[in-house]
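Pasting the structures here.
One chain, chain A, links the two complexes that follow: it is found with chain B in the first and with chain C in the second.
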Partner chain A sequence: MRIDETHRVWLVASIVILGAATAVYVIYALAAPHGPSGGSPIGLVFGFTGFGFMIYAGLLGARKKVPIMRLGRAQGWMRGHLWLGLLALPLILFHGGFHFGGLLTSILLWLLIITVLSGVFGAILQHYLPTVILERVPMETIYDEIDRVRDQLRVEAEGFVADLCGGGVPEAEAMALVPEGGIRAGGFTAMRPRGGGGVQYGLTEAEVEPVRSFFQTEMLPFLLEPSAKSSRLGDDTRAVAAFTKLRMLAPAAAHPVIANLENLCEEERQLTRQARLHKMLHTWLLVHIPLSLALLLLSVFHAVIALRY
Partner chain B sequence: MSTLFGTFLGPMVQLTIDGKEVAAPASATIFDAARAHGIPIPTLCHMQNETPVGVCRLCVVEAGGRVLTASCVRQVENGMKVVTNSDRVLAARRTLLEILMSDHPSPCARERQSGDCELEMQARNHGITEIRYPKRYFTRPKDDSSLAIAVDHEACILCDRCIRGCNEIRQNLVLGRMGKGAGAGVAFDLNTPMGESSCISCGECMVSCPTGALTNKRIAGTELPIPAGAVPAEPEDLLELPVFKGVSGTFLEMNKGAIVKRSFHPGDVICREGDFGSTAFYIAEGKAAVSISTPMAHVKTHGGAGGWFSRLTSSLIGRDSDAREEETSQGYIPIDASVDLAYSNPVAELGPGDLFGEMTCMSFYPRSATVKALTDCTMYEMLRNVLDILLKNKSFRARLGKEYKRRALETHLRGVPMFSELSPDFVERLMDNVKLIRLSPGQVICKQGEPADSFYLVRIGFVKVTETYPGGELVIAYLSRGDSFGEIGLLGAGARTATCTALDHVELVKISADDFNAMVDQFPGVRRGLQALADERQRQNAERMAALGTISLDSFLGQGLMEAQSLLVLDLARCTRCDACVRACADAHDGITRLVREGQRFDRYLVATSCRHCKDPLCMVGCPVGSIRRRNSLEVIIEDWCIGCGLCARNCPYGNINLHPFQVMADDPDNPGRRIAMVKQKATSCDLCTEHAEPSCVYACPHDAAHRVDPRKFFSELLGTKV
Partner chain C sequence: MPRVRTTKALAQRIDLNYFKRPIPLRRWRFWLCLLIPLGCFLWIGWKLAGRDFQPYSSGPLSAGHVLLTRDCTTCHVPEKNAVFTEHASDQACKNCHDGPIHQLAQAREPECGSCHVEHRGGARLIATSNQSCAQCHANLETKPGSSTKYIKTISSFNTDHPEMAVFRGANPRDPVTIRVNHFVHMKKNLLGPHGSVQLECKDCHRQPASREPWLFGSAEALPVSAPVATPAAGMKADLYAPDPGLALMSMPKFAESCSACHLLQFDKRFSEQVPHDKPDVVHAFVVKKFEAYIAAHPAELREQPEEERRLPNRPAPPAARVVTPAQWVAERTKEAETLLWGKTCRQCHSITITEGAPLPKVADANYTLHWLPHARFDHDAHRGFACASCHPNALTSQDSAELLLPKLATCKDCHAPGPSHVEARCFECHAYHDWSKRKGITPTFVPRALRAQAVDLIPKPAGQ
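Here is the complex of A and B:
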């Protein structure tokens, strides 16, 4: 979530809560004869409050499971999550009097620290990365569709090359490529003009050869495995160089086709970039979520034990 | 001996052929005389039933002169000494075959299909294995436009057999010669693609062609499975039918697998609405009922007024109880048969001589209606190659063409309120004057800016209407069965204001400017109606033009978006692509999401409404009953008679259209007369959860990225700051 002026209220409230808690803590810590302790009345208040904030933060996951239940807008929950989750850390530190205590409490505190830090990290990613995707991946598609779009790009590229160089996909194979239902829904698939279809370029074998061999040896492998580091087509500047060279080798009549191929490579790179950014934007949750759940469970355990004995 | 030359012989002459004394009528050719006496002479350009032209020179013989002579054209003379197989003759033939072969794409299509390309056979027979002459350095085109016949000019040896077959034997006058020298070839009409020419697919040219230049098309799936109760249709039977009159028997024989004769008993379902298919049916005997069984209704979402568990529910509501803005008021449903169905009672009867399933067969659209046998019926079920033969048949066109015109004029003209005042005798006059024209995919019907000369009714297929703007082309509409176009140009503008192109196999009823003018003069009400329509369309055009003076086409489409009631936009600088919105949408609509995070972008916003106002609204192509169309605001509306075939959902590139299943009561296919619960589908798109205070997706977005906005305010701010 982007941290913008809509967070002002939360920011102010959080500072107030933190300030008040610090004040209480300082007075209480100085006044307590044995120093601050989780078991003291004030320590328990910190413990309960901090725990409450953590539970609230954890409930975001539950809330997201029932999106249409009118429990308040998801973005309200999200803002609360960020700020109260963040406040949970100082409150619990006040609760434990900045001691790590025994094994269980140490584990708890570390879990909390990692969860909160990972959360902060995630929040930073969410603040910046969407804009990066927006700017650097103008041809963005739906993440789950990336593989399908790639298949389409390859078929399209093969089509361009076949139109220019002749030959190409034998009919039987071309038919096999048509997705189930595609042919039957003839209205769309069968009638949509394919880019460059049937254009006569009037070039000889020898003239189109550079394009063909470039496609076979370099571009097709790249299209089949676009994230492979080895291909220069995966790199913006080196790809420009590769295509500039190809343009010099091929006659002018073939240049429109080369431009199309270049665009397809550009789109491939954008898709690779999109996949990378998308993963970045979501993988940190693999740390944040499991740890937060462990934290909540162990906290219950700690609270029960601590109160009983 | 007289039997060899028929009955009328005229004076006889005596000559020797290969040393044998023979007698022949003075009018006979050497070839005929030799053949009559069992002496073979190879030929290529000559055919028994065609006038000999002597162009290939393969039949050369020695007849005493200084040079060899072509025996197929040379008349016999008294005392002539003919040698058909001397070394000189054989050498000449070999050279000739070698030259022809050097120009031949061996093995050609015919050789590959049946191993009997006459040229290649002759070459083999003459022991030609190696060709010493250089190949031609340029290529000749192929023409794939006919559904039944493949044309490969590469393989043409210019023997003119096809031309004579077409013109002499069938008298169709379609084929001729074009070009000179190395560029010479055969041509259909004035060198138009075969499929678009006046060719009637009788098959004579193909049967005449000695090589693979004209071959029978074997498109994938040209063999129909023979279901129970069906027998393969024999060419002899077919030739008995008036609709196949004049077709070459050999040609029918070749396409035998593509047509079967089927019998049905009363109650049998012949085809069901929404099913996919590839065949058309011709009713030879009996009657059948054609109907639409889906309820006439659209999807409406209710509920969600309050409470925590406010799940929405959708149900079907007809237009009597829930009239939406801009629904059509038309009283009939266009279907893929020669009749249309009344909205109030969507059932009609088909009888002998009727044809249905043309669109399914030609363009693979889903079946538009259910057809059930009413009596015992005999029908011919055929694939598109045979349908094409039939549709182009002269006698078929003469018979059914009239019927089609009448029905098209009755339902499409008189059925539309605007034309209702036309008198029966005027319709009668139109019937005699209007023309049925057929177009193949991609053919342009009229161009923006051209002078207007006629008014059209769409009988079959889809016509794409586009306007060109400085920033590109915009598809204004896809017209389908029952729609009309061309009035603006005729009512004053003088020139066409849009380009109309056939998108698939289209058939139009063409009303000439004269008849059109007579109509509007005689019936002032019609003129007023048309004028109002034309004015409205022109006003919209002018508005679009004016708007486009300042902005790009894309932004213009954005303006189209502005007309929408409200819009859903995703702020891409905030959106973490978590898909919470999509899941919420699915949760709100019985598990089927109507939201897909893809579409038109403006600045940093992704517009995700029910419809993205595509430049080219592909969803509209192919709806077999014409129930999906653009509103004036460019949004999509789905009319109540949608049969739920799902084609539009598949065609929408953004997945913005969904099929919503409903349980309804319908006729039990196994027990005629009984009704059972069945699942029917209806197409629907995003409704912005209008029943909720806030759309579910907006409510569920954790990142404040999804917003519902008032398009006017939103875009004026956006465009205002951007432009």
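Here is the complex of A and C:
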């Protein structure tokens, strides 16, 4: 979610709440005989308010489970999650008087700090990375389908080379790209394998040999393992140099095929980039969500224990 | 033929059921969301099952209570009529600690925990905040029908603490009757027992527990039978009970500090000195000495007194005469005591000679041990400081009644809030509990480590 002018109300409200809480805390901390304490009336108010904000932030996950229910706009929930979740940290610090206390409270405070920091990190990523993906991955596809699209790119490349050099993509292999029982957009035509027809370019074996050799020794390994750092096709500049050299070795009639192969490599690189950016964009959730669940569970326990003793 | 990337061609690459397939990132998230909270839940359950409440403690215990770290129920006991809460009550504190009342007239008695805050780590519980004291002393109230002589608005040492009580009068004086000229005693090249000396403060002023040898105490000096001055009237007798003998300076004693220079000779016939004691003891000593002497030297009953030794304003004795031993002893005793009461003793003591009274009256030293009856000061904690840094007038004072005590401003030079100053909170000088009113307790707590062997041997209080 981009943090833009639509967040202004939340930002202002958060600043007002934080300012008021800070003012109350300073007065209370100066007046408290032994400094601020979580068990004092004001400390409890800070604690319950911060816990309430944490609960609200945690309810975002529940809200996502029931997207069709009329429980307010998803964007509103997300903004509340961002700003109230962020406010929970200073309020809980005020609650404990910036003391970490015992083992459980220390664990809680560290969980809160990690959860909030990971959330801030995620919010920053969510703010900037979509733009980066838009600019650097124009050939973006659905993340979950990247592996299958890659296989299709390889088959497509083999088809182009077969067209130029003769031979073709085995029909069985082309059909294997369609998942069992899968439905593919485009219906029947999408399931139709391509290649094998052979477009006649009028080139001799010797003339197409550089293209075939390049494909077999460099491009196919790259398409099979695009993240391998040893391949020069994984790097934009070195890939351009490689294809420029190939064009010099191959006759002009083969250049359209080479251009297609170069385009396929470019798409392959973009998919690699997309996968990397996607992981960046979502991996922080592996920290944020489980720890926030643990935080909520332990917070409930802490509240019960603290009120009892 | 150029490569075609139409929307339709791109859409055709996608499996419409792709979202039904499990993907690693989502699978990881699911398992972590399950396992981490489950782990927390199991941890809590495991600790609860083992009756180990220590992880839930709101913070480490103070140094004095660290043994109770795993014994939460020693202090956290169910309160009367409480269904849910188990707060540490005052009674739980008083099971082990005798916390006597502060003042009988105090309007209210705060809870133990309002001043002694636990679960704050290794800090001493006695280190209470200024606000703890100020909750009453900032606007001091007493029980209905009671009054107080104390100042009613004191918030902290560095804001509105009044000057020490001893300085508050119009002309504060030291009531001591011993005459000591500090200026003379601190002079260079003072005549000592073996030549010139330079006295130091510690040659006369030391804590009772000091073990350094006295440089100016004579080995031959007779013991002092006079009792050491008692604490000042009104002082809480037990306030300094834990005092190891290093906190306060003791009264300087003649035998330890003065006797090497100030000789108590009474007659040229004797090298011995009179004891530094009450007049009747001194008188008995002198008479006894003269009686023994004349018994051993009967020829002196006819001896002619020396002209140059005749005291002024006294009638000249007959040129030659014979006296009885008793008469001789009486005359020599009178001469010796005239010297003693009139000069030797009077040099330091206030002596009143009453006409017709056989012996003079020596005023009580009236030495003040505790200048601050409601506060405590520890000289030992300040032992690295030069005495004159706090008592500068001690080097120049010529009047023993001059108060050489430092004023509060001197204390405030070091005792103030802030990182470059030392502790300035109330507890540094004042004690809340009046330990003279302690009642005594019968402790029942058994340390956890000794509980197994001691549980059957320790008598249980009635009702348990």
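Heads up, the rule we're going with is that the second predicted complex is superposed on the first by the 279 of 309 C-alpha atoms of A that agree within 3 Å, B and C clash if a C-alpha of one lies under 4 Å from a C-alpha of the other, contacts with A are read in each partner's own complex, and residues count from 1 in each chain.
Quick note on the criterion: a contact is a pair of C-beta atoms (placed from the backbone, for glycine too) under 8 Å apart; a residue touches a chain by one contact, two chains touch by 3 or more.
All values reported here derive from a predicted model rather than from experimental measurement.
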Original post:
Who contacts more of chain A, chain B or chain C?
Top reply: C
Original post:
Which of the two partners, first being chain B and second being chain C, lies in contact with A:Arg8: first, second, both, or neither?
Top reply: neither
Original post:
After lining up the shared chain so the two structures overlap, which partner does A:Phe301 touch, if you call chain B first and chain C second: first, second, both or neither?
Top reply: second
Original post:
Which of the two partners, first being chain B and second being chain C, lies in contact with A:Ala259: first, second, both, or neither?
Top reply: second
Original post:
Regarding the shared-chain residue A:Lys229, is it in contact with chain B (first), chain C (second), both, or neither?
Top reply: neither
Subject >> Touching partner for A:Pro33 - first (chain B), second (chain C), both, neither >> reply: second
Original post:
So, A:Gln152: does it touch chain B (first), chain C (second), both, or neither?
Top reply: second
Original post:
Once the shared chain is lined up, is A:Ile142 touching chain B (first), chain C (second), both, or neither of them?
Top reply: both
**OP:** Report for A:Gly101: first if it touches chain B alone, second if chain C alone, otherwise both or neither.
**Re:** second
Original post:
Both chain B and chain C contact which residues of chain A?
Top reply: 141-143, 145, 183-186, 190, 282
**OP:** Give every residue of chain A touching chain B within the complex, in rising order.
**Re:** 1-2, 6, 60, 64, 66-71, 73-75, 77-78, 126, 129-131, 133-134, 141-143, 145, 175, 181, 183-188, 190-192, 278, 281-282
Original post:
Any idea which chain B residues touch chain A in the complex?
Top reply: 220, 276, 306-311, 363-365, 441, 462, 503-504, 572-578, 580, 583-584, 587-588, 596-598, 604, 618, 621-622, 647, 650-651, 694, 696, 699-705
Subject >> chain A residues touching chain C - in the complex, by the definition given at the top >> reply: 31-35, 37-39, 99, 101-105, 139, 141-145, 148-149, 152, 156, 160, 179, 182-186, 189-190, 199, 256, 259-260, 263-264, 279, 282-283, 285-286, 289-291, 293-294, 297-298, 301-302, 305-309
**OP:** Could you please specify the touching residues of chain C with respect to chain A in the complex?
**Re:** 1-3, 5, 8-19, 21, 23, 25, 28-29, 32-33, 35-37, 39-41, 44, 53-60, 72, 76, 84-88, 114-115, 117, 119-120, 128-129, 131-132, 135
